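Structure first, then comments.
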Amino acid sequence: MSNLANGMELRQSFWRKNIALLLFLPAFLLTVGILAPFGYSVVMSFTNFNLTTGTSDFIGIGNYVKLIRDPEFWNSLKVTILFTIGAVAFEVGVGFIAAYLLNLGLVGQKLWRTLFLLPVMLPPTVAAIMWKLMMAPIQGVFNYLLQLVGLPGSEWLGSSSTALLSVILIDAYVFIPFAGMIFLAGVQNLPKEPYEAAAVDGVSNWFTFRKLTIPLLKPVIIIVLLFRIMDCLKHFDIIYAATKGGPASATMTLSVQSYYHSFRWTAMGYSFAHLVVLWAIVYVLSYFLVGQWKKAVSEVHGY
Amino acid sequence: MNRERFSVVKIVSIVGLILLMLWTAFPLYWVFNMSIQTPLDVISYPPKFVFDATLENYSVVLLGKAWLGKYETVQTDFPRYFLNSLIVCFGAVALSMLVGVPAAYSLARYRFRGKENFAFTLLSFRFAPGLIVILPLFVIFRRLGIYGTYHGMVLAYQLITLPFSVWLMRGFFEDIPMELEHAARIDGYSWWGIFRKVDLPLVAPGIAATAILSFIFAWNEFLFGYILSSDVTRPVTPSLMGFISYEQVLWGQMAAAAIITLLPSLILAIFIQRYLVRGLTFGAVKG
Amino acid sequence: MVELELRNVTKKYGNLVAVKDLSFKTKKGELIVLLGPPGAGKSSTLKMVAGIEDVTSGSILMDGQVVNHFDPAERDVAMAFETYALYPHLSVFENIAFPLRSPKRAHAFSEELVRKKVLEVAQFLEIDMLLERKPKELSGGQRQRVSLARCLIREPKVFLLDEPIAHLDAKLRHRLRRELKKWQEERGTTTLYTTTDYLEAFSVGDRIVVLNRGILEQMGTWEEIYSHPASHFVGMIVSDPPMNYLDARIVAKDTEIVLDVKGSLFKLPANVQAKIRAMNLQEVIMGIFPSKIVPFAAETLPSSGTVIDGVVKFVELRGSRKIAFVSTDRNFTFTIQLSGEESVRAGDRMRYFFGEEAIQVFDRQSQRNVIYLG
Amino acid sequence: MAEVRVEHVWKFYREEAGAAQRVEAVKDATFRCEDKEFLCLLGPSGCGKTSTLRMIAGLEKISRGDIYIGGRRVNDLPPKDRMLAMSFESYALYPPLSVYDNIAFPLRARKYPESKIKEKIAIVADLLDISDILNFKPARLSGGEQQRVSLARALVREDAQITLMDEPISHLDAQLKAKLRIDLKRIQREWGLTVIYVTHDQLEALSMADKVVVMNLGEIQQVGSPEDLYERPRNLFVAGFIGEPPMNFLDCTFVEEGTQGYLKFHEFSFPLPPELTQAMRRENGKEKWVLGIRPGDIVLGAKVGDGYSMKGLVYSVEPLGESSIVTLEVNGQKIFAELAGSSEEEEGNVVVFSFHKEKAHIFNASTGKSIKE
């Protein structure tokens, strides 16, 4: 019996020890597959790689130096940051109010919640096209409705002064439900008893809100900020579909600009430089925010 | 809170809710409106809320039949784009589930070096700008001769579906208490028996939700499809850009194409509404 | 029928030591109870014997064969989990039948044999009317019995029962305590049974292992443990209300050794005196079980033992028994257990007696009972 | 001062489902808790005891009937205006706040000066010996510590007229429960608190309460002192629920020979005193009856004084240290006897056992009511 057991047990232990890695290998290979182009971008950002001429000789940090001196780059950076701050602030604000409204237990609440979540499931490009149709200066329905109410119509995507705001509005249409749904889930996951204790302790709603609800919701708030900031920084779909970065670079974010550099002006090396800078910003910010999230979670659980 | 103050808050809330619902529903309603208006009505001013509807735009976009006095066949690529989307999305989801589910199980159940940094690397892909991977793929795929092919796109789409599948499935596996596996091992089941009889049945709804959510994200993707596909294999979402560039006037058809493109995402979303919050946050917030 | 032995078994979770150098051996078919408060290492020990937790050091033997690296399935053990561990997607019937359908045993059990055995164990645990329900429709007590049924349906080498009847209501707990003992005796399966309730341990265990923070405090029959608790901790855990403890000093009075507690002297049995003299202890702790102190009505003082007078500060009613908290004239307090009949109120002056053999002496430094020292 | 009157209170859940489907969690509950009294709501889970407590606290709406605290009708008052403090079964501590801030939370809401708060917390912390964990967060505390913090937060509220406690020590291990039972009783007595305490553990009720309200399926079964419930249970439920190990119930029939009434249990018949015979005759004697005997009241050996005795087979002997439980089998029915010290009886012996006449409880099997009602 024992040698059979040893035999079986030897084969068994190989399988038992390495099962974790065997299950894990395919995903690991695929991830390496994704990392390879990643590396390629970083390496090529140090060359003057050009799509048409096919040249790709090493020019050190040439692209980055050119970048610093290029006013277009600084404009794109400004636009990207303004877009992110505007969109995230608007979405988080309205999202919080929406979560409150959808948690009041009004009649038909389940229907409102289902309807409320639909926009986040729209393909962003489709949302951009929908709003582009509605924001048309003449035939657009928005101007018609504003005029009905006695307000002046707007150029919306057509003028460089209002284009960025319009694009933020479209982004908000799609992603307000993102923030709203997650805040709603956060509110619903709050433990019930501490609030009953606060009610019995005769504590005012504002005091409970400030001292109990906000700290408990902090992890959820950080999660929404993390996902929305990252998405907005690298955003391409809505802006490209709605304005292609125009008019006059008013909505030209870094992503869109790097697209143009590589395809319209075939300066791939320079385009990679843009992307590496954007990626660096994103990586640092996400690392910081994930750290904040871990701290907030441990604080809520009280370690 | 006395009687009056309570009702004021209630009224303001109801008004707020109505505004929120209008903000959400009006765009969908309006674009649907445009999609069933005749080319004349669609560009008329003031915009028409009441009109005699027509399925003209859908017949042109979907069937390639236009009414010019009598039915003429008109060249339309939309059905092909729609099919491309189905092929690429099913392919991408299948691959990332095939590869992602076992990896998620091993992340949830076993301890090994480098586990957490692998998970974070996957997460960081989600946050990285898409172009930083797409542009190199554009160059590499052309060299490998798989540019614009379905399997090329299925591989590229892994950047969207794989990180998502692994993180979400890991959450679902971690929801199964370890005691259940211990109990099954004591009851005399091997690893495979436990995975088949205990883990899979319990995680089945999770697998379905992850697959559907991955499908929706792949379906909604624009950039990958726009750059890495040839005209033959272009998915439907990127194809919408075609409407904007040259046939500026055909708004009705563009609205119809938009409605058809968004329908699959919306319908599927309603099925997995329960898991949506969990999906959107990679499992960090349980809905 | 297997002899289970643990040799210097230690279990560490990171730097937390759950079980420390635990060694004991069971006879064939014996029911050993692991008694201890939560966190004493009871469950960890069971999980190591089951093979679902690996042993940090030391070895586990079945009939003399080391099974450390054997897989749970190969050890042929059956376990009832404290957290039930029921399969949520299976009905109660399927949960109980699950072990019989495992690859190892599927061939041995035809469908109607499985049905017969499931019905038998379900009737024994009074859950035969729940067989088609799903676990989430059951109460805590019902789920616990399903988990127990899944374990008892097998004829394993060892039963591992982790607080199997802790969440049942009083009536059912009393009935099952006895029925489980009879069920185990009939099948003669070696069993490890954990509990935090010493009454359950005494009534079910052939022998009892008292665990405290992963360390074996004492092993023995309930008589050995109750008459000579090996340490301060054991004295506290095997009596409710807990044993009375008083710091005492050793005083040699002519040829005899006596205990001095704040000036009052207590005589000791001969064997205890011999031990103390041999180990020349100075600082000790005197322990007396509340149930060993009885009301004393007679006028004349008894020859041996001790009589104390005191005022009842507080009375706690326990149905058929009463617990009196008496502060004696020598300013230390005793808890005393009285049968239901005595009518006693707070404030009454009472006289109590306990014999010499009732006194346990613990070395204050090691907290061990002196009779086990040396 | 601070007494609580509950008068004909009902609680319905899913009221909108109409009278047929609505769930009647509490049915016509009426009882009083005097000032400085320790009242205990006792019953199995789902008997309505927690709903009743939550109605007093204002956390649940009162479907019907009235509740008065300190003479004031509180039905429409929100919890904070009812001047009461509460300790929760799940402790309900504020996760992000330290122990100190948890206890200070209600006081800061009432704008107490920090110095006064510090002083009050010191007293309560010392009393419940949690002084050394004041700066910990709840998640790091053991069950026992969390329980004492939840208790401290309730006790620190001097302004509270009533202190409500919902199963405060049910999740703790045996040793800690014993210690906290004594501490709670001592604090209640020394501070003169009026306490309403909910539990499913009859031992807690017997050992701590001045008055016990036993509930089952939403209805009050009996209200009385622990001794009342133990000595004079009004019905089968109370008799079975109070007392550990539980009371034995023997199915008997009532037989009359001439003027002397007997209670027959298989071949044993017990002569009844005249007043009981009349009482049973009035309830048309052919009804089925239940004879209740507490295991602690059974003595091995022949008749003692004017008691009843029976013969049975020893089914099993259970040593319990200071006492032992001998299970006797009479015609298939198992009867438990709790005897002092360890018993020498062997399984299989046939023994005679008996119990005193006053210790016999007689219930009408169909109505469940005790004959002595």
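A few remarks follow.
Chains: A, B, C and D, in written order; residue numbering restarts at 1 for each.
We adopt the following convention: a contact is a pair of C-beta atoms (placed from the backbone, for glycine too) under 8 Å apart; a residue touches a chain by one contact, two chains touch by 3 or more.
Only a predicted model underlies this, so the values are computations on that prediction, with no experimental measurement involved.
Path length between subunit B and subunit D in the touching-chain graph (shortest route): 2. A comparison of the C-D and B-C interfaces places the larger number of contacting C-beta pairs at C-D. Separation between the centroids of subunit A and subunit D, computed from CA atoms only, is 57 Å.
Averaging C-alpha coordinates per chain places the centre of subunit C 26 Å away from that of subunit D. Distance between subunit B and subunit C, defined via averaged C-alpha coordinates, is recorded as 58 Å. Shown for subunit A are the residues that touch two or more other chains, namely 16. Across the assembly, subunit C contributes residues 71 that each touch 2 or more other chains.
Residues of subunit D in contact with at least two other chains: none. Listed in rising order, the residues of subunit A touching subunit B in the complex are 15-16, 19-21, 23-24, 26-28, 30-31, 33-38, 40-41, 44, 97-98, 100-102, 104, 106, 112, 114-127, 129-134, 138-141, 144, 173, 177-178, 181-182, 184-186, 189, 220, 223, 227, 230, 233-234, 236-237, 240-241, 254-255, 258-259, 262-263, 268, 271-272, 275-276, 278-279, 282-283, 286, 290, 293. Interface residues of subunit D, counted against subunit A in their complex, comprise 57-59, 78-81, 84-86, 88, 90-97, 105-106, 108-110, 137-140, 153, 157, 164.
For subunit B in complex with subunit A, the residues that touch the partner chain are 13-14, 16-17, 20-21, 23-25, 27-28, 30-31, 34, 42-47, 98-100, 102-103, 105-107, 109-110, 112, 118, 120-133, 135-137, 139-140, 155, 158-159, 162, 166, 191, 216, 219-223, 227, 237-238, 240-241, 243-244, 251, 254-255, 258, 261-262, 265-266, 268-270, 273, 276-277, 280-281, 284-287. Taken in their complex, subunit A has these residues touching subunit D: 191, 193-194, 196-204, 207, 211-212, 215-216, 299-303. Residues of subunit B touching subunit C in their complex: 177, 179-180, 182-190, 193, 198, 201-202.
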